[in-house]
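Same chain, two partners: chain A is paired with chain B first, then with chain C.
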Partner chain A sequence: MTAVLEPGILSRSRRRGRIPWIVVACSSVIFVVVLSAFLGSMLVPLNPDAQDTALGMSGPSGAHLLGTDQLGRDIFSRLIVGSRTAIVGPAIVALSSMIIGDLLGLFAGYRGGWVDSLIMRWVDLMWSIPALLLIIVVAGAFGGGYWLAIGLLIVLIVPLDVRVVRGATIEQMPRPYVEAARTLGVPGRRILLSHIWPNVAPVAVANTFLIFATCLVSLSGLSYLGLGVSPGTPDWGLMLAENLSLLFVSPLAALAPGLMIVLTAASTNILGDWVYERLSEKGVSR
Partner chain B sequence: MSARHLALFLARRAGALVIMLAILSFLIYSLLYLAPGSPVDILLGNQPRTPETVRLLNEKYHLDQPFLTQYWIWAQGALQLDFGTSILTTLPVSEEIGSRLPVSIFLGIYAYILTMIGGVGLGVLSALRRKTVVDRGIVGASVIALSTPAFVSGVFLLFLFAITVQLFPATGIGEDFVGRLWHLTLPAVALALTVSAFVLKHTRAAVLAVIDQDYVTFARARGLSPIRIMSTYVLRNALIPIVTISGLVLGSLITGAFLVEVTFSVPGIGQLLVDAAVNKDLPLIQGVAMIIAVVIILANLLADLLYMAIDPRIRVERKSV
Partner chain C sequence: MTSAEIFEQPTKQVTMPLLDVTGLSIVHKTANATKTVVSGIDLSISPGEMIAIVGESGSGKSITAKAIMGLLPTGLIPSGTVSYGGTNLLSLDERDRRLMRGSEIGMILQDPFTMLNPVMRCGKILAESLSPEFAKRSRSEKRQEAIRRLAEVGIHDPSVVDRYPFQLSGGMRQRVAIAAALARDPKLLIADEPSTALDVTTQREILALIKEIQRTRGMGVMLITHDLRLAFGTCDRVHVLYAGSLLEVAPSVEFEHEPLHPYSHGLLLSEPPVDRKLHEMLSIPGSVPDPDDVTGMCSFAPRCQWASAVCREGTPALVQIGTDRLSRCVRIDEIRDEMVQLRKRIQAEATEAVSEPDSPVEPLVRVRDVYKQFSSGKLSVRALDGVSIDISDGQSVGIVGESGSGKTTLARMLIGLETASGGEIEICGIPTTDWSKLSRRDTSRLRSTVQMVFQDPYSSLNPKRSIGWTLQEAIRTHDPKARNIAAQEAELLKTVGLPPEYGQRKPVGLSGGERQRVAIARALAAQPQLLICDESVSALDMSVQAQILNLFGKIRAERGLGYLFITHDLAIVRQISDYVYVMHRGRVVESGPTKEVLEQPADPYTRKLITSTPQSSDWL
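For the complex of A and B:
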């Protein structure tokens, strides 16, 4: 939700320079999810949209690893293809917030004055609105949809990044190297991008991971409520909602998409923390 | 701080509050015109469009008046909790909200208490047992919990404690207080799980920041009892950042409640809003959004007052943050 980064479960083995096992595990999860997002339709054992209404709901079997849903669609295949909507939206939001948010944050922190307070008022406003509430209200009026949600998330989440990067920039401002560069007559843009930015980068990059995880959770939540992806789309959140009624008879149908959401989001968060520690330790910062 | 300062502060905040509400209500009312389709079509819903029904609508919502006049009439109605009638159920919106609010408030308070006990308690514990197995375990679990949205934890809890081990009921909200407490336990835990992980993270960081301060070492050197040191020296100071995030906590609790209420079929205000959004029931959306906005604004004001009560430094001279 916000960046409170501190050495936690990752701190023990970092000094030895080895990559901790948990990071390897998390990277593997992300790798598999990204792979199935791009190659999903080639990897699936069965057509994810093919309905077998004669079969209907069925438990796990040889033909259907995780069983089928009420329309007889193969849940395992839908899970693989569902990774597309799960990561494309968050990736777009995370990338745009990295570009817009970092630039605005750097600029606000460096310039200060009215530019800073103008940007910060917008940040404060967006900060005080619960994202999901606004998206539900707007989706209710405009008819919802995946791309609308992504657009709104960008507007609502960029401030998260702005706030963090601005804070980090302001922290760098009084350091001697900034003053030295100024004295030497280095232009402001150069100071910002090639002097201050590398020192702010660990925070910004870690925050991008955090934003990715937040968006993943928000978007799947929205699909879960029926206000995200259109009905019929294989999407983890929507699958969870569709298969909720199967919880009594074929629990895996509902639990598997939920597990994928948690696994992917947790992996991203842990990876973000690790990247932050690695970057700030390597002396990129300071 | 003198009473005059407090009065001044309250007056300033009340002014900001009124302005904020005016802007918000304007935006919420504008939804009717920003939404695709003409307001008449939206408000008609599934009713046939005849001169008669349109005339009735005009009478009720004053759609033939200029936009600002319409907003003014709507805002006056909203002040008296009159948001028009739901398109879907044709009941007054205020009635719909009124019948659902108690359950949601119950769920919210229940989850808030669980969040604070779990988040602050475990946060303090893990900070005190820093770098031990306990600390690592709690921090590790909180990373997972932080990445688990309320609807996923809700489904897992439902599966574990209502289906596999039938400890709690899967649906329903109970009759009396005890029944309600029992029925809403799973939803409240699901709701509290993510949010308490967030609180835990902040609490742990806050306690760690305080615990090595000189005044704590000095208190220990003076031989004060550990309980005294904890309550008056460590917790009081660690509480400040925790109160600061309470606004965010409330926001996450509210949005989490939408998801949890749908998962557990709790007939609360969150489910009402989601139903309204799915069915494009605009008067209902406007009413619920307005009520939630007021709750959030008031809670933030309350958090600020609490902030002043805890931190004497803020009472001296408080600039708006």
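For the complex of A and C:
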């Protein structure tokens, strides 16, 4: 009986594989950005904070690949070091929303009843507040700051994840495999974490990627508005703001950080889509 | 047939087939691979003829129908010829094909619940299907026509045109769908499993309707089904499709008398009979292969007990045997007598088998006057209405009923997935009417007394977890102190007839039958005394169904455990249970030893159920 079935299964699993080029490209972008976030200070050709006021603003040259800003700081080096604030904040927000949001979502979907109502009303409340506006107001009142912005983003973005994961959990709940686990007497916590979670994981993980990209853009935006990182820090959003006045004089100085933001955010989204597809195809039940 | 209709039909059509399919092959093209779905199908339908295409899931029967209709999904490419009235349909462009659909060839699909647009009233659905000449007519004229069309399919209530599909029962929806398919008076009707989603009694009505319309209109009908007996009972000719190619073609009467291919022979034997109990059903081992895995040989050879070197030396041709019979078996002349002998032996065995009477003992499960009310808003439905049943230790009990009879609700109550609105349930002497009030010790005792095997093996296993993980969890949950779990896992797999390597696989790599085996193994891990099987074989192919039923028999003999079989299929009850309860609309209408109930039914509903089961002769 097995002998009959073997070839079909093998050929089916062999047909997978082959990573599309776009995914390879996006992964490379993210790999480079992550690498420079961790090893930034070792990779830079010049000290990113070193000012050369004598030189002042200059275009691309052999010494300064992307030129310098008005204070004579090397833009290429600042771009590399700037990836740290670009990555760390969104990563923290994405991870905490994945842990807090997924747990709350799973719990709300599994328990239902008043637990569900309570969690979901809080989610609704958070949804009804325009996130960026609130951050601007609060950050403005407290004088801004990178970590404050991250904290606020976590509070405001977690509900996004809760709603998605709760929906996916509710979809899994009536499935016979969940009922089978219940009839076996498997404890609820275990059903939630080792039965339902792997099945909602594709959605949750894809959502985490999306949150990462959203936060990257939001945090850069806050820095651009002067409500994020402290002045002088090499940060893509802040660099964009500082060098905006040079747009027509030395376009690369302003465009390069902007392009990095777009490139990283877009790569994350595309990678997230692909991860979702891979994760969900592994468990297709039919 | 009126004289006008006879006049309309040119005489040449009687001799010329309505539809002539020759060498139809369909491949599935993807970026990396080309997969065969169907290869070299030849068939023809004459006006007024009803033919059947019988096959298990994955045999390509629905795809064949879609190719004839020109409704193949993208990526599926047909070749060969599908000739209708002299034109090759495959060479027509989309516009011409669309004009053919409905007016020349109509189609009805399996699921009456999704086939009709849920936001359209039935009258509108019908009006839309009417021929273009009605488009300019007034609304009331269209309505009158819709009512007339509904009357033709046995719906004499004109208010149905104002109702939405969800307000109708499954049988009514299928009637509306048939009316819509026939609205432009097609000469050929393709019915793809038109009754599979329906209850037995409704199934019989729908097929009787199709048959009657076919006779009065002189229409050609192609019935696609997985049920050989259904095909015998309704069709003139039967085509057996397996792994994408036809294995046997024969007129129904002769086919039933003597199938001339080991596969059809096996299929016929694996259908359990209603009128007698067999010791063991003959089952075909394995499951339907991918057409590409059996190229260059007889596609049935890997599962055939008579397969020899000859069968693997090349794809056999469909050869003529007798007057109008075709078979693709190269060894048919050698094995013909052997097959006859085998069928005789099984018939002989059958008559000897009698269900043993059970002695009255203290019941393991005692259900008294249980009722269950489901309510949402103002609506409230009584799913169970004063049901009492007893199951003693080691007894095999069947509950038969159609959808909505409350049989599944009852099963779910016994396992604690549903709570009764009233009445008493006692398992092992523990009152279990409300599971949430039970102590932890009682709950765990009940878990190892009663376990359940669910209907759909495709969703009852966690798709993300390996088989071994699933079984080990079940073992650990039953006995947290369990040691040598791996050995227990292998033992369980062996019990259900799977090799130990299956532990590493995920459900996606398993066939339906294998998944159901795993689900049974999981239930057995708790070492229950009673196994509740809720339609546990109804989602499986016929040849696999017999395997699983035999497995249930084997496990019972080995472990002495009892069964509660929830099913709509009387034949299964006959094979597997000693005692039967017949349920109808939330009540038990009749109960007694299976043999007595099925042979001398006292309740009219039981009688109706028995006569509705597909039979080859005098069924419709």
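One rule holds for everything that comes next: the second predicted complex is superposed on the first by the 267 of 286 C-alpha atoms of A that agree within 3 Å, B and C clash if a C-alpha of one lies under 4 Å from a C-alpha of the other, contacts with A are read in each partner's own complex, and residues count from 1 in each chain.
Just so it is clear, a contact is a pair of C-beta atoms (placed from the backbone, for glycine too) under 8 Å apart; a residue touches a chain by one contact, two chains touch by 3 or more.
The model shown is predicted, which means the values in this text are computed figures rather than measured ones.
In the superposed pair of complexes, A:Y224 makes contact with chain B only, with no contact to chain C. Residue contacts after overlaying the shared chain place A:V205 against neither chain B nor chain C. Contacts of A:G143 after superposition: chain B is touched, whereas chain C is not reached.
Applying the stated contact rule after C-alpha superposition, one finds that A:L244 touches chain B and leaves chain C untouched.
More chain A residues lie in contact with B than with the other chain of the pair chain B and chain C.
In the overlay built on the shared chain, the residue A:P130 is in contact with chain B alone; chain C does not reach it. After overlaying the two complexes on the shared chain, residue contacts for A:I87 are found with neither chain B nor chain C.
Contacts of A:L184 after superposition on the shared chain: chain C is touched, whereas chain B is not.
Under the contact criterion defined above, the residues of chain A that touch both chain B in one complex and chain C in the other are 1-2, 4, 8-9. Listing the residues of chain B that touch chain A in their complex gives 28, 31-32, 34-36, 136, 139-140, 143-144, 146-152, 155-156, 158-159, 163, 198, 201-202, 205, 208, 247-248, 251-252, 254-255, 258-259, 262-263, 273-274, 276-278, 280-282, 285, 289, 292, 296, 300. Within the complex formed with chain B, the chain A residues making contact are 1-2, 4, 6, 8-9, 128-133, 136-144, 213, 217, 220-221, 224-227, 237, 240-241, 244, 247-248, 251, 254-255, 258-259, 261-262, 265-266, 268-270, 273.
In the complex of the two chains, the chain A residues touching chain C come out as 1-5, 7-9, 11-13, 15, 18, 175-177, 179-186, 194-195, 198-199, 201, 282-286. By the touch criterion stated above, chain C contacts chain A in their complex at residues 32-33, 285-287, 289-290, 292-293, 302-303, 415-417, 443-444, 447, 451-452, 454-456, 458-465, 473-474, 477-478, 497, 499, 501, 506-509, 511, 514, 519, 522, 525-526.
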